[in-house]
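Chain IDs A, B, C and D follow the sequence of writing; residue 1 opens each chain.
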Amino acid sequence: MELNDLYTDIILEHSQNSYNKKVIENADITELGHNPSCGDEITLQIKFDGDIIKNIAYTGHGCAISQASASIMIDNIKGKTKKEALDEVELFLKMIKKEITDDNELEKLNDAIAFKNISNMPARVKCAVLAWHTLKESMEK
Amino acid sequence: MINKEEIVKDFPILDRKVNGKKLVYFDNAATTQKPLSVINAISDYYKIYNANPHRGAHTLSVEATEAYEQTRNKVAKFINARSEQEIIFTKNTTEALNLVAYSYVNNNLTSDDEITICITEHHSNLIPWQQIAIRKGAKINYMYVDSDGILSVDEIKNKITDKTKVVCIAHVTNTFGIVNPVEEIVSIAHEKGAIVVIDGAQSTPHMKIDVQKLDADFFAFSGHKMLAPMGVGVLYGKKELLKNMTPFLYGGDMIEYVSEQTTTFAELPFKFEAGTQNVEAVVGLSSAIDYIEKIGYEYIEEQERELTEYALEKLNQIDDVIIYGSKNIENKVGVISFNVKDVHPHDTATILDRYGIAIRSGHHCAQPFMKHLDLNSTCRISFYFYNTKEEIDIFIDAIKKVRGHMGYGTK
Amino acid sequence: MINKEEIVKDFPILDRKVNGKKLVYFDNAATTQKPLSVINAISDYYKIYNANPHRGAHTLSVEATEAYEQTRNKVAKFINARSEQEIIFTKNTTEALNLVAYSYVNNNLTSDDEITICITEHHSNLIPWQQIAIRKGAKINYMYVDSDGILSVDEIKNKITDKTKVVCIAHVTNTFGIVNPVEEIVSIAHEKGAIVVIDGAQSTPHMKIDVQKLDADFFAFSGHKMLAPMGVGVLYGKKELLKNMTPFLYGGDMIEYVSEQTTTFAELPFKFEAGTQNVEAVVGLSSAIDYIEKIGYEYIEEQERELTEYALEKLNQIDDVIIYGSKNIENKVGVISFNVKDVHPHDTATILDRYGIAIRSGHHCAQPFMKHLDLNSTCRISFYFYNTKEEIDIFIDAIKKVRGHMGYGTK
Amino acid sequence: MELNDLYTDIILEHSQNSYNKKVIENADITELGHNPSCGDEITLQIKFDGDIIKNIAYTGHGCAISQASASIMIDNIKGKTKKEALDEVELFLKMIKKEITDDNELEKLNDAIAFKNISNMPARVKCAVLAWHTLKESMEK
C-alpha cells in the first residue's frame, strides 16, 4: 500500500479541522471509545429526533485515520434512522474484514470506501474502526 | 504411510553420540527434543521479524504481533477452545497453575472451603494449592490411588464434598503415565459446584485435547514437552471465569488506563500477559503444532502404544526388574517406572548413561505420591513418537548389565 | 579498533528490506536485535544438549544444568553481585518486579507505610506497587520531574519520608532515556530505612552495572533488550532480603521436602525458580553477555553518544520537529522522544515505516508520565551500538517528508 | 570415566551392607543430611569420649556413592579428635574440587581417595560429599 493510497485527499481533509469535530448541547447519547494500546480516544455525541439521528458530532484525539474515519462516518449517517445507521456500520466492518468486496454493494458507504484497503496495514485497522465500533456500542445499549 | 526413519532425521539431536554411544533419549516426559522445523522457526524469527509485539506501528512489530496472535488462534483450535480470548500464554505449566491460584482461588476460597487434589500430583499441581489452603486456613483433601496408581470413582466421590470449591487433577500422571478419569471428575465436581483445574502437561503431547468435551474450567500445558521451545506454556480458562479474575502479573501491555492512583485493565486475554511476551517461543509453539498435526495424533498414539507394549514385555522378562504402576496399555501413555533390584535408581541412571541412554531417576517431583506408595526413588523411561524398538533393545541390553556393574553376579 | 561494518554484519536482520527499503531499526528500547552468535547458541542448544536441567543424571541434563548454572555465575560477575545465589532468572523485568511485590512488599507493608516511586516509571515498575498499595491501604508517593524529565535531589528528599518502606526507580527512563540519580536515591532511602528497587531494563544494555556500587537492594533487567533471546530476565536481590522472602511461584524444583500438608523450600536461588526453566534463553543470555564483553561498554557508550549527538543536532535543524526531554548528552542514553508538528505520532510512524524505518509511537507504557507532561503520545527513536549515522541520515530525510504526506505544504 | 573406575570394588563393598550402617544407643549427636534434588538421606550418629570420636555410624538411604562415601568416612575418622576429623573433611572436599591433587597429600584419606575423580561426573558430586558435609555441619554447631 502506497502512502498516497492511505493518506488520500479525502482522509486528510476529514482529519484536519473537521466540521464534525465539536460539542453538541443536550446530546441524548455521549459515548467514549478508545484504543488502549495506542491511546486514541473518540467521544461521540448524538441527538435524536424520534428514531432519526438528527445531529451527531465527535471530540477526542488520535491519528489521522481514526479522526477522518469518525468524520466520514458522521457525514454518512446524519439524518438516517438507527437501523439504517447500524446496517451501515455492519457494512463498513464487513468491508474492512474483506467479507464484502463488491463495489456495487459498498457504494452506499460513500467516502468511507477510502478505508477499503486498510487491512493491508494491520496496525491501523483499529484506528479505522474505532468510531464505528463506538457508534455501535452507543446504539446497542 | 509415515516413515519412521524420516521422522528420526527431523530431530538433529538424535544423531548425537553420548559417551561414544548413539544417544537413546528416554526422558521425554521431562522435556521433548525439537524437530529442525521448530529450530529453524526460531532462527527465522530472529533473522527476519524479531520485534516487541503489540507496541509498534512498524512492519517488524506488526509481523511479530501477527505471528503471536495467529498462534493464539491456532492453539485455541488445537485444544478446541470456544475463543482465542480463552488462551493465555505463560512461561510454563507451573506459571499457568500459579496464575489460577493467585488470581482465581485466592479470591474465591474461605476457611470453610476445601480443595481436592490427587496424591499423584506433580509438585507444580500440588504446592500452589497446598500453600493457598494454608494461607486461607482451608482444608486440602487428597484422593488416594491404589498401588497401580489408579484412582477409583468411589474415591473421587468420597473426596469431592459439598465444601469443595476447587478440584485439581493431572490428565495424565508423570510418574506412571496413568490417564486419570478426568471426565468423571469434572462431572462429579460440577455437580458439587466446584471448578476443575486440569494439569495437561503430560496429556497434550500424546493425545488430542478437547477442552469443551472435557468441560475443563482451566487446563494448562507446556510447549517444551511437545516439541516446542522452552519458555511458553498455555493456560486455557473459561471466559466467564477469566473475565472475573483479578490480574496476576502487572506491567506493560495488560492495561487500559493507568493513572497515579488507579489502573483499569485490558480485555481478555491481554489482561494476563504483562511485559514483553516471548514471541520466539510462541512462534516455535506454532511450528510444533504444525508438526504434530502433520503426523497426526493417531500416529503418535500408535507409535507410543507399540513402544510401550514392547518395552513392558521385554522388561517383564528380566527377573531383577520391578515395574511399578498399571500395565494396562489402554489407560496409559508411554511412561514406565521401574527399579533394578538392589540397585539405587541413580546408579542405574548413571550406568545407562554410560551406554548413551538418558532416563530419569528420583522422586519425579511427586514426593507425596512416592511416600504414599512407600517408594524412595524410581527409574522412569518415557517415550515420544520418534523413539524406536531398536532403542528399546539397546536399553534392555544395558539394563541386563546393571547389576553386574554393581557387583551382583558377574560384571 | 572495532569495525562498525563487521558489527552490522553480525546482525542478520539488519540486511532485511522493509517496504522495498533497507531496514533502519530505531526501536531498540523496545527490544534489540540478535547477533548470529546468539541465534546459533540457541540452535546449538536444541541440536546438541537440550534437556530438563537439575533433574537428570544423564549427560544431556548435566550439560544443560551446567550451561544454566554457569550463566548464573556469569551474570553475577557481569553486574558484580556478591554471589550467584543473588541471581534469579525470571521471564522478563516485569516478572522480576512482580516477584518483589508479591514476595517481599506483600509481607513487609502495612497501611501506615508508604511506597515512593517516580512519575516517569514504566507501567511494569508502577502498577505492581500501585496495586499492592491499594491492597494494603498504604500510600503511594510520586516523585515528580521537570519538563525535561529530570528528577531533583530536593524532590527525592521530599518524597522519601520516615514512613517510606520501598522506593522504586528506573535506572534509565524508557521515554527520554534520562539517567536517574539512583545512587543519591539509594543513600537517602537507606538513611530512612527504606529499601530500593532499581528497574535496570533500560540501563543494563547501555552501561556497566555494579549492583554493589549502586547498593541496590533489588535490581531487575531483561535479556531481550540486550541482544539475548526473549524469555529471560534477571532479578538481583541482596541475599539477606531474598533469604527471608516467601517463594513466589510454587512447583517443581523449588522444594526441599513436600508432604501432604506442608512443604519446605530449596535454598537460594532455587527457591524462586519453579517449574522447567528456560535454559535456551539463559544459554542465549550467556552468549549475549559474551558479545557485549567482547566489544565492551566503552565502545557501546561511545557509539551511542555519537549517534545521539548527531541525531539531536539534525533533528534540531528541522523547524517542525518538537524534541522532548533533556538534551544533555552527559545524562542520557540513546533515546529521543519527539513529534512532528500537526502530525499524530502514529501517522509519523506509519510514514517512516514506508521508508523502512522502525520507530515507536504512543504512550510508551508510561501513561502517568505522559499525563504529567500533558502529552498524549510521542514518537521515540532509540539506538544501539549497531546503528549508524547513515541510518540517521535516512531517518532525517524521511522525517522532512512527513508533513508533506499529511497534506501540509507540498507532498 | 569408565564405570569400573566409578563403581570400584572398594566403593561397592562399602555400599552394600556396611558394618557402619547401624543405630548407636545414647549418641551425643544425631545429624540428618540430605540432597533434596535426588532424595538421598543420611543420618549420622556420634558418641564422644571427651574430644575423641569414640563411636560413629550412619543410617539412611541413597545411591551407592553416597552410602559408600559415608561408610568410608566413618572408617577414616573413628577414634580421631574433632579437629582431626574436620581437617580430614576439608582435605576431602579440596580433593573433590581438584584444589589438592598431590597423591602424597591425599594419602591420609585412605580409601576415600576412591572418590578422587568424581568431579568428572558432575551429577554425582553431591552424592559423594553428602556424608562429609553432614559431619561438618554436626560438629560446627
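The criterion applied here is as follows: contacts are C-beta pairs under 8 Å (C-beta built on N, C-alpha and C of every residue); 3 or more make two chains touch, one makes a residue touch a chain.
From a predicted model like this one, the values you see are computed outputs, not experimental measurements.
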Chain B and chain D share contacts with C
Contact-pair count is greater, between A-C and A-B, for A-C
Outermost chain relative to chain C, judged by CA means, is D
Per the C-alpha means, the centres of chain A and chain B lie apart by a whole-Å value of 47
Per the C-alpha means, the centres of chain A and chain C lie apart by a whole-Å value of 38
Dist(centroid_CA(chain A), centroid_CA(chain D)) in Å evaluates to 79
When centres are defined as mean Cα positions, the distance from chain B to chain C in whole Å is 31
The positions of chain C in contact with two or more other chains are 55-58, 61, 253, 255, 257, 346, 350, 361-362, 367
Residue numbers in chain A touching two or more further chains are 37, 123-124
Which chains touch? The pairs are A-B, A-C, B-C, B-D, C-D
Residue positions on chain C within touch of chain A in the complex are 342-347, 350-351, 354, 361-363, 367, 376-377, 405-407, 411
Within their complex, chain B touches chain A through residues 54-58, 61-62, 65-66, 253, 255-257, 266
In the complex, the residues of chain D that touch chain C are 34, 36-37, 122-124
Chain C partner, complex, touching residues on chain A are 2-4, 6-7, 9, 12-13, 16, 37-40, 61-65, 67, 121, 123-124, 127
Contacts from chain C onto chain B in the complex sit at residues 12-13, 16, 18-19, 23, 25, 27, 30-31, 33-34, 38-39, 42-43, 46-52, 55-61, 91-95, 97-98, 101-102, 119, 122-128, 130-131, 134, 140, 142, 222, 224, 229-232, 249-253, 255, 257-263, 274-281, 346, 349-350, 352-353, 357-362, 365, 367-368, 371
